[in-house]
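We call the chains A, B, C and D, going by the order they appear; numbering starts again at 1 in every chain.
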Amino acid sequence: MEPVTAAPDLSVSLGPLALANPVLTASGTFGYAAEFAQLVPLSRLGGVVVKGISLAPRSGNPPPRIVETPCGMLNAIGLENVGVERFISDKMPFLRTCGCRVLVNILGDSVEDYATLAAKLTGVAGIHGLEVNISCPNVKKGGVAFGTVPEMAAAVTRAVKAATDLPVIVKLSPNVTDIVAMAHAVATAGADALSLINTLIGMAIDARTRRPKLGNVIGGLSGPAIKPIALRMVWQVAAAVDIPVIGIGGIGTAEDAIEFLLAGATAVQVGTANFYNPAAAGEIVAGIEDYLRQQGESSVRAIIGSLRLEA
Amino acid sequence: MEPVTAAPDLSVSLGPLALANPVLTASGTFGYAAEFAQLVPLSRLGGVVVKGISLAPRSGNPPPRIVETPCGMLNAIGLENVGVERFISDKMPFLRTCGCRVLVNILGDSVEDYATLAAKLTGVAGIHGLEVNISCPNVKKGGVAFGTVPEMAAAVTRAVKAATDLPVIVKLSPNVTDIVAMAHAVATAGADALSLINTLIGMAIDARTRRPKLGNVIGGLSGPAIKPIALRMVWQVAAAVDIPVIGIGGIGTAEDAIEFLLAGATAVQVGTANFYNPAAAGEIVAGIEDYLRQQGESSVRAIIGSLRLEA
Amino acid sequence: MPEYQENSIVQKIDRLAETLYRLTLRAPLIAAAARPGQFVMATCGPTLDPLLRRPFSIHRCSGPETIQLLIRVIGRGTELLARCRPGESVSLIGPLGRGFRLPAPTTPVCLVGGGIGIAPLLFWADRLDAPERCAVLLGSRTGEELTELTAAFSQLGCRVETATDDGSLGHHGLVIDLLIPHLTTVSKVYACGPHPMLAAVAAACRSARVPCEVSLEAHMACGLGACLGCTVPGADGRYLHVCKNGPVMAAEEVAWNR
Amino acid sequence: MPEYQENSIVQKIDRLAETLYRLTLRAPLIAAAARPGQFVMATCGPTLDPLLRRPFSIHRCSGPETIQLLIRVIGRGTELLARCRPGESVSLIGPLGRGFRLPAPTTPVCLVGGGIGIAPLLFWADRLDAPERCAVLLGSRTGEELTELTAAFSQLGCRVETATDDGSLGHHGLVIDLLIPHLTTVSKVYACGPHPMLAAVAAACRSARVPCEVSLEAHMACGLGACLGCTVPGADGRYLHVCKNGPVMAAEEVAWNR
């Protein structure tokens, strides 16, 4: 393979949504983008996914909300957010100026909540797509998470699709026996793309005080620790569905991101890495470009799913 | 709380199986104990669980079989083992001398395999219990892992219980939506105790060669990275079943082990830590003793499940 | 306010006491922008474990291009930082958060520091227009920890009083005991230290109707207001985020009883 | 054979070339028990990342209580080791595995080392009864890497020949080229280096009917025969485990074509 001298083409499409490059920031780890504006050249990113938004504002869980774990962290933020009205009035003005795609992560307690949210966000200038967080409990079904039952996940997907003409990405929970079954259900229900994975449920205890380290007792595990699990799930799902997949989980370097692209992801999201290295997402864009040159590829699309399994 | 001066009582019972202390070594990470004999005072351990044994010898997966990941490792050993006959003739003689409890981890392709194995091991001098690894594929059911379907797990448990009068511990797979449902099924089927967790399914890719890093493409994730997930599952299961639970997953220090005991585990197993620190299991026994003194407890049984949830 | 991700270079590391270190770092961008009470998020080691940055107050801007951190070794991250050697680099993000707000000109103020909470107060004393108006009350377990710090405040012209748990230096007891007599004369109190100390200071100031600012701690993932992890309960029933609403807050903003 | 988990103390660290370091470690138990061809499992850093120990051949027992490792920096673990400073400790497990087996007395032998594979050969040459009977053939990318090592073998009385990829020292080409002429005279060949080099050496020895021992590499978790991770395909269709069946094996035990 010859080194290529022209700048490689980094653009990808998530169904109807075109991205300048495949690197997004993950919901809940990048605030509403303004928080990182001084540290990250936002216009160089493929896009940002904002913190999960609900209909009403939520104040979230009692502290402590954050615990470090080996190569990872647990969070039990409890979906604190400003609510959809204030999101549109207070946060969108900055987001419209940030020069990259803006995806809004939405969450609800019921199928109707999701649909209402989708409708409210549709037509708001500067929003390029919705990401549906189905890791939340369905209060009408005894608190079982939408993302653990294929029918419930499909119902949310259908409701959101019916309520909006924006591209709809459904974000899968990894806390399931069969991630492929979840992906199938959601794809069949009309999702334009999938993103995975959300956090794994974990826990930490303070031996000295004998108390949970999180106010909420359990929380979501993220960071490099979960990368091998995320990569496996993305590989399984990308092989099984026809819609694009966004890989998420422990991505902190270009090499990490490339692993996900090779496994079949069309794009990636950088989450926890934004905390320990705000420069990560930008470094990943540059690193993918370098990799493509080294590998003699003129487009990032050429490496998507190009994992070699033959001996 | 007053510091206690008499040596705290470390003994625990896994149903019918009494242990001098709650620290075991995990299957597949301690060979047949002889491999560690020069580095670890075996008689100081609560017990050892030997590498998973099948009816016929197995040669395992093609290399590479091991990949390091952030604070963890993936293994795709492929259940290489000497088979039950050679295990009894070649490995048991040393195991009988090691001065601690010996548990044999068994695995099969069918319910019958498990039962046959249990029968063959019953009555062999020096074996104190069986640990049933149900993370293996059921070849009669299209390769779905026994440990992901409650009915299949229950069937294996019943068959093993019927074939032996040894204590039967069933080892749960974490790759499920509802670990409590699995635990219930297995407890109801007659298991004397549960151990959890086995490895999480993961994957790693070499970006340069675009190949999987494991010969088997996917493998099992273990080590400190998975500790928060394991602890959460142990806490959920210990609260839900009446039989003793053995906590496994990323335990490398006394503090880690104590977190599991507080969450409700009656004993723990040390796995991957044996590789990076062979002294770990011994250090954990000593560390639990120190902790009990500091906390003014005269018995380790006093701290099991003593997590404080009230504010 | 400007924020930077800057690779600082360790210039010096002094061990002030058993578990207390002072790190001098060349970090020109952060040094130029820093204001007293602000903090940095520092990477503690070269690998992914420990994963998260650690928050540290800016102890001093010791030159136009250098900052100092005062570090108490309590766990893995601070242990790794204490092993740094000159020439090595430490990635910093900063300056972050809201710092101390100026008191009325020329009125007497009290700075109250407990343990490692003394860290941000030196920078504040340094920048206050008239250090002579500062009574600096420092509390600590033992006198050893206070020797160098007392000297630094005295050099600035502050009046320093000390309290130690073991009575090895100054008052044998709590720093709050030193504060009470001052409350009739000072126009403002600035406090940083363990939560129970801050609660006591806040209560005393409230009774005496003296305005009080406190610098709080919380576990942080980002330091930027993005993760929403660093919550403390606010007096109005809402949650405050230490990294954005603070770390320095008016004592009455905080719900002390919860 | 005895095995120890020993906290060794770094005595010296020499940089021999751009990415090549020699670590001298005080490890009395391991030094006393070590035999040429054996290896140690070393912890690379103070935290859980990197998690696993790294295998390194024992390069030399440089005194009764010290061993040396020759370390090529290729990744995170070796990078951390290269940053060690005298006085720091490195946890070792060893001596591990099967070493080189003695040749017939007084017959001439060849030691063939490529790149970092040279590491175990110095210890072997050191312990061979008559070093004069040793022809040591060393290959490397550049001459810089070989200067110190050549000198060490020469000092022992071995005849050294070198080959470099860039022709900067000795033969411009592969070390296997140096071996061919010796195959008519030597009674045994000992080789350590990259897999393709070993395959070529094994093939040449097989043709010439010269017995050959090779030291292999595989990713290892335990080094103790417990994890079953360090597999290479054996000639008999079964898997060999490098840490127990090797690292030194007879060339004919290995399935070279797979």
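By definition in this document, a contact is a pair of C-beta atoms (placed from the backbone, for glycine too) under 8 Å apart; a residue touches a chain by one contact, two chains touch by 3 or more.
If you're wondering where the values come from, they're calculated on a predicted model, not measured in any experiment.
Chain centres computed from CA atoms place D at the largest separation from chain C. Annotation: 46 Å between the Cα-based centres of chain A and chain D. Our note on geometry: chain A versus chain C, Cα centroid distance of 36 Å, whole angstroms.
Remark: chain A and chain B have CA centroids separated by 34 Å (rounded to whole angstrom).
The set of chain C residues that touch two or more partner chains comprises 48-50.
The multi-chain contact residues of chain B, meaning those touching 2 or more other chains, are 70-72, 223-224.
If touching chains are joined by edges, the resulting network of the protein chains shown connects every chain directly with every other. Taken in their complex, chain A has these residues touching chain B: 69-72, 74, 148, 175-178, 200-205, 207, 209-212, 217-218, 221, 223-229, 231-232, 235, 250, 255, 258-259, 262-263, 291, 303, 306-309.
Interface residues of chain C, counted against chain A in their complex, comprise 2-5, 43, 48-53, 91, 93, 218-222, 224-233, 238-239. Considering their complex, residues 48-49 of chain D touch chain A. By the touch rule above, chain A contacts chain C in their complex via residues 28-31, 35-36, 38-39, 51, 59-60, 62-68, 70-73, 75, 77, 80, 223-224, 252, 272, 274-279.
Across the complex, chain C meets chain D through its residues 45-50, 76, 80.
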